[in-house]
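There are two complexes below, and they share chain A, which is joined by chain B in the first and by chain C in the second.
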Partner chain A sequence: MKPFEYLRASGVDEACKTLAAYSGTCAVIAGGTDLLVALRSRSKRVEHVEKVLDISKIRDLDFIEDRGNEVAIGPLASHAALAESRVTRKYAPILAEAAKTVGSPQIRARGTVGGNIANASPAADTIPPLLTLDASINVRSTSGERLLPLAEVFAAPYRTTLRPDEIITEIVFPKPAGRYGHSFIKLGRRKALSISRMNVAALIGTDDEGTMKDVRIAVGSVMPVPSRVSAVEDLLKGQKLTDDLAREAGELMSSEMIRRSGIRWSTEYKAPVIKVLTRRAIVQAAKRAMAETMNVS
Partner chain B sequence: MDTGSREIEVNLTVNGKKVTVTCPANTRLLDLLRDYLHLTGTKEGCGIGECGACTVIMDGKAVNSCLVLAGSADGSEIITIEGMEKDGKLHPIQEAFVRNNAIQCGFCTPGMVMSAKALLDANPDPTEEEIKIGISGNLCRCTGYKQIVDAIKEAAEVLRRRTA
Partner chain C sequence: MQGGAVITAEAMKSCDREPVVSQMPGEAIPEGQRSDGRYCVVNKPVPRVDAYEKVTGRAKYAADIYFPNMLYGKVLRSRYSHARILSVDTSAAEAMPGVYCVLTAKDLPGEQSWSTYLFLAGDEVRYTGDAIAMVAAETPQIAEEAIRAIKVEYEPLPGVYSIEEALAEGALQVQDYAPGNIVRNTHWPVRKGNVEEGFAKSDVIIEREYRTQYIEHAYIEPEAAVVVPNPVDGSVTVYGSLQNPFMTRRAVAVALGTQIGKVHVIQQTLGGSFGGKEEVMGLMCGRAAVMAVKTGRPVKMVNTREESFLESAKRHPFRLRYKVGATRDGKIQAFEAELVDEGGAYNSQAQFMNWRACVHTTGCYEIPNVKVDVYAVHTNKVYGGAMRGYSSPQVIFGQESLMDELAEALGMDPVELRLKNAFRPGSVTATGHKLEGQSVPLVDLIKRVLDETDFFAVRERYRKEREEAAQSTGAPEGRLRKGIGLAASFRGCGLGAESPDATGAFVAVMDDGSVLIRSGLTDNGQGLSTAHAQIVAEELGVKIEDIVYQRVDTSSIPDGGMTVASRGTFTGGRAMLGAAREVKKALFEVAARMLECDPEDLTSAEGIIFVKGDPSRSITFKEVANRAFWSGREVSKLFWFIPPDLPWDRPTGQGPAFPTYAYACVVAEVQVDMETGAVDVLKVTAGHDVGMAINPALAKGQIYGGIAMGMGMAIMEEVEFSDGDILNPNFDEYIIPTSMDVPEAKPILYESDDPVGPFRAKSLGEGAMECVAAAIANAVADATGRRIRELPLNLERVLLGKSLKRGKGGASK
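Let's look at the complex of A and B:
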């Protein structure tokens, strides 16, 4: 294991001061399920790390709250908590289901949603669902607080737009109100303990006749960074779903992937598979929306 | 503000006993248990959270002790395989493992038993699917999963009868 100094913060202000003082050489640890693997293998990603700031004991950062029209989640909420919480299961089942597919019980007990965001893996399982929920994050530093859309957080694989002195204090999203259906499909090498080879999150709102009014589709491990795919969303918006349209959406996703990611060693496999995953996710989400009795929030 | 240090002091409860350990800051909970407390029942397999051989119970939940920094375990309550027996008698989960031949080489066994305990503590009457999910973070390279699942099923019954 790479040697480092250990620091611990008992509150957010203290954490911000520490990060400001050691900006650029200090890594934040919460659950540790990604960082310790990187430190142990002396990965390039942690080359700069001389100190590790433990925020896992900051109680104020561990919550999942129903705030009327919004849901707010603390960055220290574990994947297990996201999977089990009544609030996420009711208002964001897409997130609860995705959290349930992360790692193993041991990983879900320790790994946190804030860590999943800050680690910025292209394969992160909670990020595409959060993108379909139009989530934003609150970040804080000694110079203040700012709210930014989650879609603006990911710069490159394992790189965020957050400054090294900022920490995530909250993840918020509006509750989808009305007739919504969701789907999260993850393709891994096996059922348990697998990292996503590809994942698709679809959240679709329809009117009573089945016309898709609100279409939100995000993918992981498909683009360089997890992201919404507006071309596919626009194709579906205002339409009623048919088999042909779902197939067309899958094909468009596949060509969007090649357009944004280029032809890679995995393209031969991923191009046909993402087509099918996208089609399935759209069909499942639209069907669920129609089966939904009006979800009044 | 903490200025950081390469040596840290960790206070924790292990198998019901309060202990204080001074160790380098980059020590993992796994190393603390094995190298400082000499509780070598907890095994290191992969060291990256894939195999579950290092599973211990931390504040009621199964965790990979290879992915917990010793400092993060400060103030926690840890149960290891050594904490399972009582008064020289094996825990019902351990007895069920023995009865069902749920052990071949034995390397995964301590982790399997700890995952089984965390599962049964939270869910005393699990379905077979729930048992499989409960041990999905533990690899057995001898692949004796059937016997392990049977053992956990049987242990659940024994434990339920005992509390009934």
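Let's look at the complex of A and C:
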């Protein structure tokens, strides 16, 4: 275990001040399910870390709220809370389902959604669903607050665009309004306590005739960082789903993966299988959208 | 004072039986001794004697032990899988406050090893687990920092990283004493009949190659030990997570350069071992002992999971090559095999495991012409060692896959092929052992498992479903395929001709009627203490609650060999039974005097000794024990059980390999996602010839655990290497089954009359896992129509037919 100094903040302002004071040498800890593992193995990712600031006691950051047209989630909301909350289950079932696939009951109880974002693992399970929900995050530092789209947060595997003195204070997304169906598919090496080999999140809005009006597809462990894949979304938008179209979308996803990630040791497996997962996710989401009764909020 | 005891009608009913006397080999099977409830304690699912302490969290494991002034030990391991060590600079570590000693190979007071692997490597490291220096410090944190402060100058050397590389002409030699990288003493041939003639007679001949992987035991408790020195007499006391305390004792004595008797080893509750806590514990305890003696303070060592992965012996990977021939009617005429296992950098048990492999190479089938060669090679990787099943799970995967492939080549049902060639009473094994005077219920066992699984109907149903699915497109469900597969095996009970199988047991009756039992064999969590307690309680006619079990203490009982080879109950139980029988004899003499009858007229049950047929003439066991003690009788016995010699002709591999064999038949049902390669094991039905289950609940527990472990081997577990570096040394990436993955498991305890073991028990612990991977592989082949000849059947292999490898090296592909 890498030795470190433990600090604790009781409020957001105090946390921001502490981070500003120890710029670049202080890591934020909430659940610790990723950070402690990295510290224990003295990972390169935590080479700079000398201090650890515990924000887990800042109660203001632990919430899941229905705000009319929006859902707001505090960064300290645990995966277990995301999986169980009435708000997420009603307005963002794709997020609730994905949160339920994370780790084990112990990890879900400790690990937080803010941590999942800040850790920026390519395999993070809550991020693709949040991307399909068009989520943004509020971040704060001593120099102020800013709102940025989640899609702009991920710079590289395990690296975000957040400054070291910023902390996430809120995750917000608009409630999908209308006829929407979703799908989250995770492929792991076992049925539980599994890191995604690949995951696909699809959120599809259709009209009453089944024409896809709004298509949002994001993938994890496929691109260098979790991302929406606009090429695939554009292919489907304005169309009615057919088997051939779903297959074509899968193939496009696969070539997008190779274009953006290059050929790696795992590509020979991932290239054919991401086609399948994408196709399955799209078919399931579109089917669910058609089965959905109009959801007026 | 006679007649004070009351025997309940219930007790009389449940215990109305012949006096149970286990037969020595060669003696006739007693008539009617089936397990039909005539026993009081054995063959009953009595709760484990250690269940309460474990489920309430009160059990103490080695890492829970603390002593005043205790130091923490830590080891520096090699950065390279093969390198010369040019220099080691420990000065910075030594200067750190709280560091009490920093030692390298030159500081060892005794030998560098009691075998081939090293307490501390000197000039050369041969795999990444090799230790170079060790530290004892005030806290684990200081010890860790001190380790980081040691500077080692290496000259990296090229290495050998696969069976092929090891056998290549001009290959670098991993050990000077092992020419051609063949691990010393690991070649075991079997020659029976004439394979050339057999192949000449065959209508169908196939040749196949299969491979298995490196597997980690993955016991939940990593290695831990505390060594307490006695500066007065130079002795040490070792508390450890030990499968084989006597092996550890020898290791510590060698490390210290002291007499074996000066090392006192006390086994602690084990959090799993499965064959793992052997060499690695000898090394850990030896190192801790050296530091404890050096500093004069107790030293604790606890491995991290990564350290456990790096140094603990693994399941040997095998390359299995076969040529098999059969006549059109499905009679196997000739079987030729070359089995090569990867031994790693040092020799840890490959010579023993290969002997077991040679005996079982051809499976549970009678084949007239056999030629088998088994040997191991060195590589610069972690060494293989014992792991549940020893070599059998690997060998059975190859050989039972081969049976299915032969059946296909013959156009024959694989079940029919097996039944046609299966061992029956009087069959002669590949090693020339005629199966007489022992139970050989294989054919009936296979039929029973086929019945219970409705095998043929299910297979047909899955076949139809697959055909229908192949026609439907689009729906993802259409890409799921179900399949069913079967594997059968035989397994030699105990150590057999491998090495001396003698062991001891101590039974002592206290004057309060309680009974202390000690074995030289360990309870590793398999429930041996409960099985031994049941055997002694049954024989003495006392209640299980009256038995007090004490863990293995090397200064309290002679070295009875290792707790391996599923011999704990089978062999250790014989010693228990022998000791109990002698104690009972002494007590019955006392009781007979008290009851004024002949000792031969007496029997006992539930703590009461009474006259056969006249239970009104009775006395409590406690009264007799008390009287016997105060009249100076010997009411304790150390019994040494020596099984009959089993001659073995090494050049031809011929001889009666084991006193008896246990049979198994396992059926697996799977569902395969044809588009992702994901295998879902739906159900495993495991039929095991247990002889008689001493404890049916624990026997089933063994089978459930065996299914989970076998399933891990089949579809997910693999230690991955980049050259010699382990890429997945923790459970985030080394995948074992979770409770969500474990299939529906159905155990079948098949009882057979066998005269050899205690109360007719056969071995089960290892047999419980040995067929599972083979059955699953056959089920996957049934589901997909494609045969994968390498384990594990992970996503990539099932989809692409090959694994994809990150990192460098030829490894096992």
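By definition in this document, the second predicted complex is superposed on the first by the 297 of 297 C-alpha atoms of A that agree within 3 Å, B and C clash if a C-alpha of one lies under 4 Å from a C-alpha of the other, contacts with A are read in each partner's own complex, and residues count from 1 in each chain.
We adopt the following convention: a contact is a pair of C-beta atoms (placed from the backbone, for glycine too) under 8 Å apart; a residue touches a chain by one contact, two chains touch by 3 or more.
Worth saying up front: this structure is predicted, and the values here are computed from it rather than measured.
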Touched partner set for A:Thr33, first chain B, second chain C, both or neither: first
Touching partner for A:Met1 - first (chain B), second (chain C), both, neither: both
Touching partner for A:Pro174 - first (chain B), second (chain C), both, neither: neither
First (chain B), second (chain C), both or neither touched by A:Ala21: first
Touching partner for A:Pro157 - first (chain B), second (chain C), both, neither: neither
Chain B versus chain C as contact partner of A:Pro93, first or second or both or neither: neither
Touching partner for A:Gly210 - first (chain B), second (chain C), both, neither: neither
Which partner, chain B or chain C, touches more chain A residues: B
Which superposed partner A:Gly11 touches (first chain B, second chain C, both, neither): neither
Partner chain(s) touched by A:Pro105 [first = chain B, second = chain C, both, neither]: first
Common interface residues of chain A - those touching chain B in one complex and chain C in the other: 1, 3, 37, 41, 104, 191-193
Chain C partner contacts - residues on chain A that touch it in the complex: 1, 3, 37, 41, 104, 187, 189-195, 197, 243, 265-266, 268-269, 272-273, 276-277, 280, 283
Contacting residues of chain C [partner chain A, same complex]: 141, 144-145, 306, 473-474, 476, 479, 675-678, 716, 732-733, 735, 737-741, 794-796, 799-800, 804-806
Partner chain B, residues of chain A touching it in the complex: 1-9, 14, 17-18, 21-22, 29, 31-33, 36-37, 39-41, 51-52, 54, 56-57, 80, 103-107, 109-110, 191-193
Chain A partner contacts - residues on chain B that touch it in the complex: 1-6, 8, 24-26, 28, 47-50, 52, 55, 61-64, 66-69, 71-72, 74-75, 115, 118-119, 133-134, 136-138
